[in-house]
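Think of it as A, B and C in the order they're written, each chain with its own count starting at 1.
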Amino acid sequence: MKGTKNGVLSGEFFMQGDIACAEGAICAGCRFFGGYPITPATEIAQRMSERLPLVDGMFIQMEDELGSMNAILGASWAGRKAMTATSGPGASLMMENLGLGIMLETPCVMVNVQRGGPSTGLPTLVSQGDMMQARYGSHGDYAIIALAPSSPQELFDLTIHAFNLAEIYRTPVLVMTDAEVGHMTEKVVIPQPEEIEVVPRRKPTVSPDEYQPYHVAPGEWVSPMAVAGDGYRIHVTGLTHDERGYPATTGDAAQWLLVQRLIDKIEKNKDDIIMLEEDNLEDAEVAIVSYGIAARTSIWPVQMARDEGIKVGLLRLVTVWPFPDEQIRALAGRVKGIVVPEINMGQIVREVERCAAGQSKVLSVPHPGGDIHDPQKVLQAIRKAAGRKVEE
Amino acid sequence: MELKMNGYRLDKSIETDIEPEGLAEEIHGRHPMDDLLRTERLPHIWCPGCGLGTALTCFLSALRRSEMDLDKVAVVSGIGCTGRVAGYVRLDSFHTTHGRAIPFATGLKLGNPELKVIVFSGDGDLVTIGGNHFIHAARRNIDMTVICVNNFNYGMTGGQAGATTPIGGLTTTSPYGNYEYPFNVSALAAASGAIYVARWTVLHARRLERSMTEALLKPGFSLVEVISPCPTGFGRRHKQRQGLDTMRYYHEHGVIRHGADPRETDIGLGGAIVEGKFVDVDKPTFLEQRTRRLEQALK
Amino acid sequence: MKFWREPLDLKDIRVPHGEVHVLTERCKGCGWCIEFCRRGVLEASDEINTKGYHPPKAIKSEACVSCGLCELLCPEFAIYVIETEGEATLL
């Protein structure tokens, strides 16, 4: 497709998830993509290689995923909105430099189109096996934002949202999709450019002599970002640093302040970041808590259970990280059981268990990957959670 | 979005005084290069007799001579002693992760082609862990100047063997003498497609400065390999207890051969150190290639 | 410097002369400037700075030709030369 001048291809399309992701990025103002081919994310790179030159953007296929992650950090520090897309094996390679992005407080987006693992696993088949890696994959302490779309349309919308969150909180943001949503073709509506909210980068208003790259004003969480070439002569480092951006590695003072703020800027703003979708939960005695494709494939089991008379509802986590601790705690207080279907051997269910704190039963419906859940298995789990007799 | 109150200020009273306090003019005087240095972070961390200060001085002098707009210069370095260079220059500078200065610099350059991007890092960082990125950036002829300071070991971590350690080299991870074939950094760059390759020891400072100026002004992937003493990590294990001993060694063993075939310039213990400008050719850069191709394809 | 005959343009040539400035507190005693000054201008002084090193001092400043090698070689930004009027003595 030939692009329009401002990049936004408004219209209604029958579009593959990966393509929708790329289009979302372009709508959000992404003008740099550095990536590496990997099933099932390659289509994102391919689409970006076609579209970016048409919108004055820059595409480069890097030599590996480590190069990709660093290239998008560099591009962001040159002032461009930047993105990369990968799957499990590539995400593992990107972890160290995701940490660099977090430490430097670099806005950028990393899309993980999850596939069966571990290791080479099932390159063309779905899983949600990287959800814990999304939170804890890089070394050290930090907080992260991870979004989980359930459809190509949502993948389009959440990619735009990811770029906005990245600029507001000056952090890499992860879009944790999967091979099903990425390779599914469905209706995607791309709105008019005026209808798309794009958050611009906040630049400093003070002079270069007064500016400090990591000086955070009281009442704020991040500092405005001067980039290379702005004339501010900034220095930034992956070492623990002070407000001037200079290494401050002689004691725990700078470490406390820096790490605490890196965590707080996301965790203390959970109310603004977390997005949940509730369905049929008002009278529910059982709740399904899920995300991504597994949430979508829970809709039919919920329907079947309701037909059997079980009052079950669905809480879909659109943001998986930061985790909605309070909401899950409150939910566990008013239902008999929570069912967590996910296409992994039980990752987010641990967070649900932690927050439920024993107030209700929590049942995992694991799946090692390769396919979506058998709806009967999810239905069995719902029945069990509701205390009904279940044939094993 | 409503943001809440917090306080994340670094209280001056809890700063320790182990950090250098910077150079006070009354005590330390003023050097002509101080305006290009972050004097509040000096004295630097490098050992007495280390050649990095010299490499940095030559670089800053070359930068002045090139008359570039310093606001558009970005210095990227990796991890290691040489990697600390980024922290001492008063330019837009980035201290990135080990081996990944070059892809970061690639992103910077492609993100804003007006930037003049310089990668200043060590042999361990650039051609050992960062080898893959090194050869690909050279292959693509990305417009950047790479200054690789080669001291034949991983100095920061105490002197371990690296991809440039010569055969027989004694390091903490080759206590019986290194038996691995080393890389020849200049040959590697030339073979990968670099359009400018020069090597100088820090003794030949004036020629080093001139090569750096040429490399800075030349569009494309330019490499300047700087052979430097490392008395603490390498020199003292090879009968060169002080930097001065290594400098005398360079004086004796340095041989200038401009235009030499880089493949014939291997460095071995006790052998000649061939220096000079080995490669200086012209080739369209990555961005020039891209523009040309896209113009054709999108007519 | 001994000439076998006087160069024809000797009157037109002016040998530059420089004044060496040592920032003694920055010096870390590497000895490079002393060793590699081609005119023998510098020597290690007897004084020590607060770091315990003997910084260089100019003992033959009339011979300095302002080549700037000491300034370029110094790893500590501790020495620089300023070109002055007059000529260096030819030895």
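List of remarks:
The working rule: a residue touches a chain if its C-beta (ideal position, glycine included) is under 8 Å from a C-beta of that chain, and two chains touch if they have at least 3 such contacts.
None of these values were measured; they are calculated from a predicted model.
Among the chains, the centre nearest to the mean of all shown protein C-alpha atoms is found for B. Averaging Cα atoms per chain gives one point for each, and the point farthest from that of subunit B is the centre of A. Distance from the subunit B centre to the subunit C centre is 28 Å, each centre being the mean of its Cα atoms.
As a whole-number value, the distance joining the C-alpha centres of subunit A and subunit C reads 62 Å.
Subunit A and subunit B have Cα centroids separated by 36 Å. Contacts from subunit A toward subunit B in the complex involve residues 32, 34, 53-54, 58, 60, 62-64, 66-68, 70-80, 82, 96-97, 100, 168, 216, 218-221, 227-239, 242-243, 246-248, 250-251, 253-254, 257-258, 260-261, 264, 268-269, 272. Contact residues on subunit B toward subunit A in their complex (touch as defined above): 1-11, 14-16, 18-19, 38, 40-41, 71-72, 74, 76, 86-87, 90-97, 99-100, 103-112, 114-115, 132-133, 136, 294, 298. Interface residues of subunit C facing subunit B in the complex, by the touch rule stated above, are 21, 23, 25-26, 28-32, 35-36, 53, 68-69, 71-78, 80. If you check the complex, the residues on subunit B that touch subunit C are 23, 27-34, 37, 42-44, 46, 48-54, 56-58, 61, 202-203, 205-206, 209, 242-244, 247-248.
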